[in-house]
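This report concerns only the one structure given below.
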Amino acid sequence: MSSMTDRLSSHPLFGSLGDDRIEAIAGCASDVECAAGEVLFRVDGNADEFFLVEHGRVAIELEDAAGPGLILGTAGAGEIVGVSWILPPYRWTFDARAVEATEAVRFDAACLRGKCDADPALGYALFTSLAGLVRDRLVAARLQMLDLYGRPGPDGRGAGGLGD
Amino acid sequence: MVPVACRVAAREEIAPGTVSLTVGDCARSVGVPAPGQFNMLWAPGVGEVPISLAGRDGDDVVHVIKAVGAVTRALCALQPGDALGLRGPFGTGWDLTAADGHDVLIIAGGLGLVPLRPLIGEIVAHRARFGSVGLIIGARSPSDLLFAEEFAVWGAAVDLEVTVDHAPTDWTGRVGVVTQLVDAVSVDHDDAATFICGPEVMMRFAAREVLERGTPADRIQVSMERNMHCGIGHCGRCQLGPVFLCREGPVVPWARIDASMKVRGR
Amino acid sequence: MIAPTVRDGTITPDRIDSAAELPIGYTDDQDGGHYRLVPTGTDEYFASSSPIDSWKRFLSPPEALLVRGRSSSTDLEVEPVVPDPVAFAFVGIRACDLAAIGLLDRVFLAPDAVDPTYATRRREVFVVAVGCVHPGATCFCASMGTGPIPRDGYDLALTELYDGDRHEFLVDVGSDRGAAVMADVSGRPAVAADDEAAAARAERAVAAMGRQLDPLDPPRAAANPEHVGWGDVAGRCLSCGNCTMVCPTCFCSATQDRTALLGDGVERWRVWDSCFTADFSSLHGNPVRATTESRYRQWLLHKLVTWHDQFGSSGCVGCGRCITSCPVGIDLTAEIRVLAES
């Protein structure tokens, strides 16, 4: 087994796939390094890859011509950057930028989709894992949307801990 | 029952709309709250609110207050030398004995970090008494992070993860909610004494995350927030199911309120 | 001396100066949202059932001054308010209301949380209780185990023995103070027949009670927080809080600042409050219990269920006042039966 398969099999997203299938998807993976500030992808670009961060941090962000941009989320070690490659039209919806020097595993999305087409059981297992990831991000995004710390009220801890 | 006249010794706006008041010079001696306990602070002519202990400065107590209502606005407007009334301490504090010899997980959201700060101070000061310690802090934005100047000291002693809900692009830290970070700190959830404080929704989601990872409900302590007028179980306002949060709380084990938390309009 | 007396077309506990002010010759007709004073045509003293209002206002007044102060921005002087000593005699209090005072004692005389106003007023109360032989249609003290015959907590307990020819009081002495009072009262020693007559009246009273509450129902209802019955009762409930005002055990309050016009004098007053108001559960301007449904559930389940956890017994004594005083006649004994159904 290559060091890539070792690294992938220790990750929850791939851990349950079994050695043969991890070996297969490792064939679509390569190592990349990004300097702080380097852009991984931009909105509307072709989503033909995604990243598993091993060290460093990547910000998913939105440029706003009317003001400073906004970071919507970050991915650190062990986290995935990019899910738009899963479904057509395979286009990025946000920007991704390394906010510090980052080492990641880059996956060739076309290669991986091809393996999934050839082995539906692999596709099902992988997409089930990804669905869990997307669900967790949806829950997190909804919690962010609530702006819990910003709004006073029964759900916004208001005055210093215990109500007014 | 009767407020003691005290004075503001120091005042600092530590985040937008959030003021740290150091209160002392009291007309007679007052008890000092334990971490997690609270005082009733009285703005004469306006009203009284429960405010948790944020820290101590010698014999003085430090309270952090956010201006969200008439009373908290009046308290936040106080200047050094101004008078206020104080009753307390009230309630139960964090049970740190539950953490002795065990791993510890602390999850703080927004102003929820305030009542946890003295607990974190105790843990950092007696670090060897505990196993692995994870501290997850969340805030609305980088400028809303409270006690950021203390993060270096805390981070040197415990596994500290800080995240914000929204950030400008010059922020190099994490962006996301605290519930996503439960796996970012290494603690043994089966065993960890877990302390959570923040908005009720955040506490519910955070408690669920740690429950799913195997932490028993009686090992999770949360600090609950309700309307309180008296502090001694007479006004009836702070009831959550069978619990008078002013006396049995504000810190309660999740197991004690789990059933009530499932009821809408509890 | 506080006793049931006729006021404003009702019988209510109030200050009296002589026995002539007792509700002689009157009883009451009570039902959901209904109260009428009814002449009995007899000269019985205690032919009525629960007075329209409870006795709690004498021990925990609707408004109580807690703190008086003088303040400027840089100075604050606080003086505690020492409640004026009061020595009440409660004459003609029924078993349900006596039990209610026992419950309030657990709230306001808790060892680590004594309320000075309540303690001052409660300390000297001389209790002349009366066994209730004319329960009303809204009464269910027998279900709650509090009546109709007072068991303890009195200095003297009377049973009015009246059958047209005979009009006597059987007196049970419950304390040394009671015995001292009886030393000045003329009478004859009670015989077995007197006790039998009193027991027979109590038995008839139990049978005559208009309402019942199954003690197994409240925990069942508590396990049904999503029962459609909560929404149903909330659809009728006006959230007016009458039930909490007349309840002899509802103790919730608000504390308010009151300032002098010049702004330098300030007082803190405790006033009765109700869990049916939006302000009661307000956190930073928004109520935690925003709906009538959530408020009714809080009231009913606190009274009948969580009171057990907090104080070791039900918070309901079965006086039925909440039924009588509800403008739309909501009857908790009927509601809890519905809510207990699975």
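Residue numbering begins at 1 within each chain, and the chains themselves are lettered A, B and C in the order written.
Definition applied: a residue touches a chain if its C-beta (ideal position, glycine included) is under 8 Å from a C-beta of that chain, and two chains touch if they have at least 3 such contacts.
Keep in mind the model is a prediction, meaning the values are calculated, not measured.
Chemist: Suppose you hop from subunit A to any chain it touches, then on again the same way; how many hops at least until you reach subunit B?
Modeler: Minimum number of steps from subunit A to subunit B: 1.
Chemist: Centre of all protein Cα atoms: which chain's centre is nearest to it?
Modeler: Measuring from the global C-alpha mean, the nearest chain centre belongs to B.
Chemist: Would you mind pulling out the distance in Å between where the CA atoms of subunit A average out and where those of subunit B do?
Modeler: That gives a centre separation of 32 Å.
Chemist: Using the average of all C-alpha atoms in each chain as its centre, how far is it in Å between subunit B and subunit C?
Modeler: Centres of subunit B and subunit C (C-alpha means) sit 39 Å apart.
Chemist: Please tell me the distance, in whole Å, between the geometric centres of subunit A and subunit C computed from their C-alpha atoms.
Modeler: Result: the chain centres lie 63 Å from each other.
Chemist: Give me the residue numbers in subunit B that touch at least two other chains, ranges are fine.
Modeler: In subunit B, residues 68-69, 225-227 touch at least two other chains, as defined above.
Chemist: Can you tell me which residues of subunit C touch two or more of the remaining chains?
Modeler: Where subunit C meets two or more other chains at a single residue, that happens at 283-285, 288.
Chemist: Residues touching two or more other chains, restricted to subunit A: which are they?
Modeler: Residues 152, 154, 156, 158-159, 163-164.
Chemist: Okay, in this complex, where on subunit C does subunit B touch?
Modeler: Within the complex, subunit C contacts subunit B at residues 66-67, 69, 71-78, 80, 107-108, 110, 112-113, 115-116, 225-226, 251-257, 259, 263, 266, 268, 270, 273, 275, 280-285, 288-291, 293-295, 297-298, 302, 305-306, 309-310.
Chemist: With touch defined as at the start, can you tell me which subunit A residues reach subunit B in the complex?
Modeler: 36, 57, 59, 61, 68-74, 76, 97, 99-100, 136, 139-140, 143-144, 146-150, 152, 154-164
Chemist: Given the complex with subunit A, which residues does subunit B contribute to the contact?
Modeler: Listed in rising order, the residues are 38, 49-52, 54, 63-72, 109-112, 114-115, 138-140, 144, 163, 165-177, 179-180, 184, 197-202, 205, 223, 225-228, 238, 250.
Chemist: Tell me, which parts of subunit B touch subunit C in their complex?
Modeler: Residues 1-5, 7, 27, 42, 44-48, 68-69, 81-85, 225-227, 229-230, 232-237, 239, 241-242, 244, 247, 262-266 of subunit B touch subunit C in their complex.
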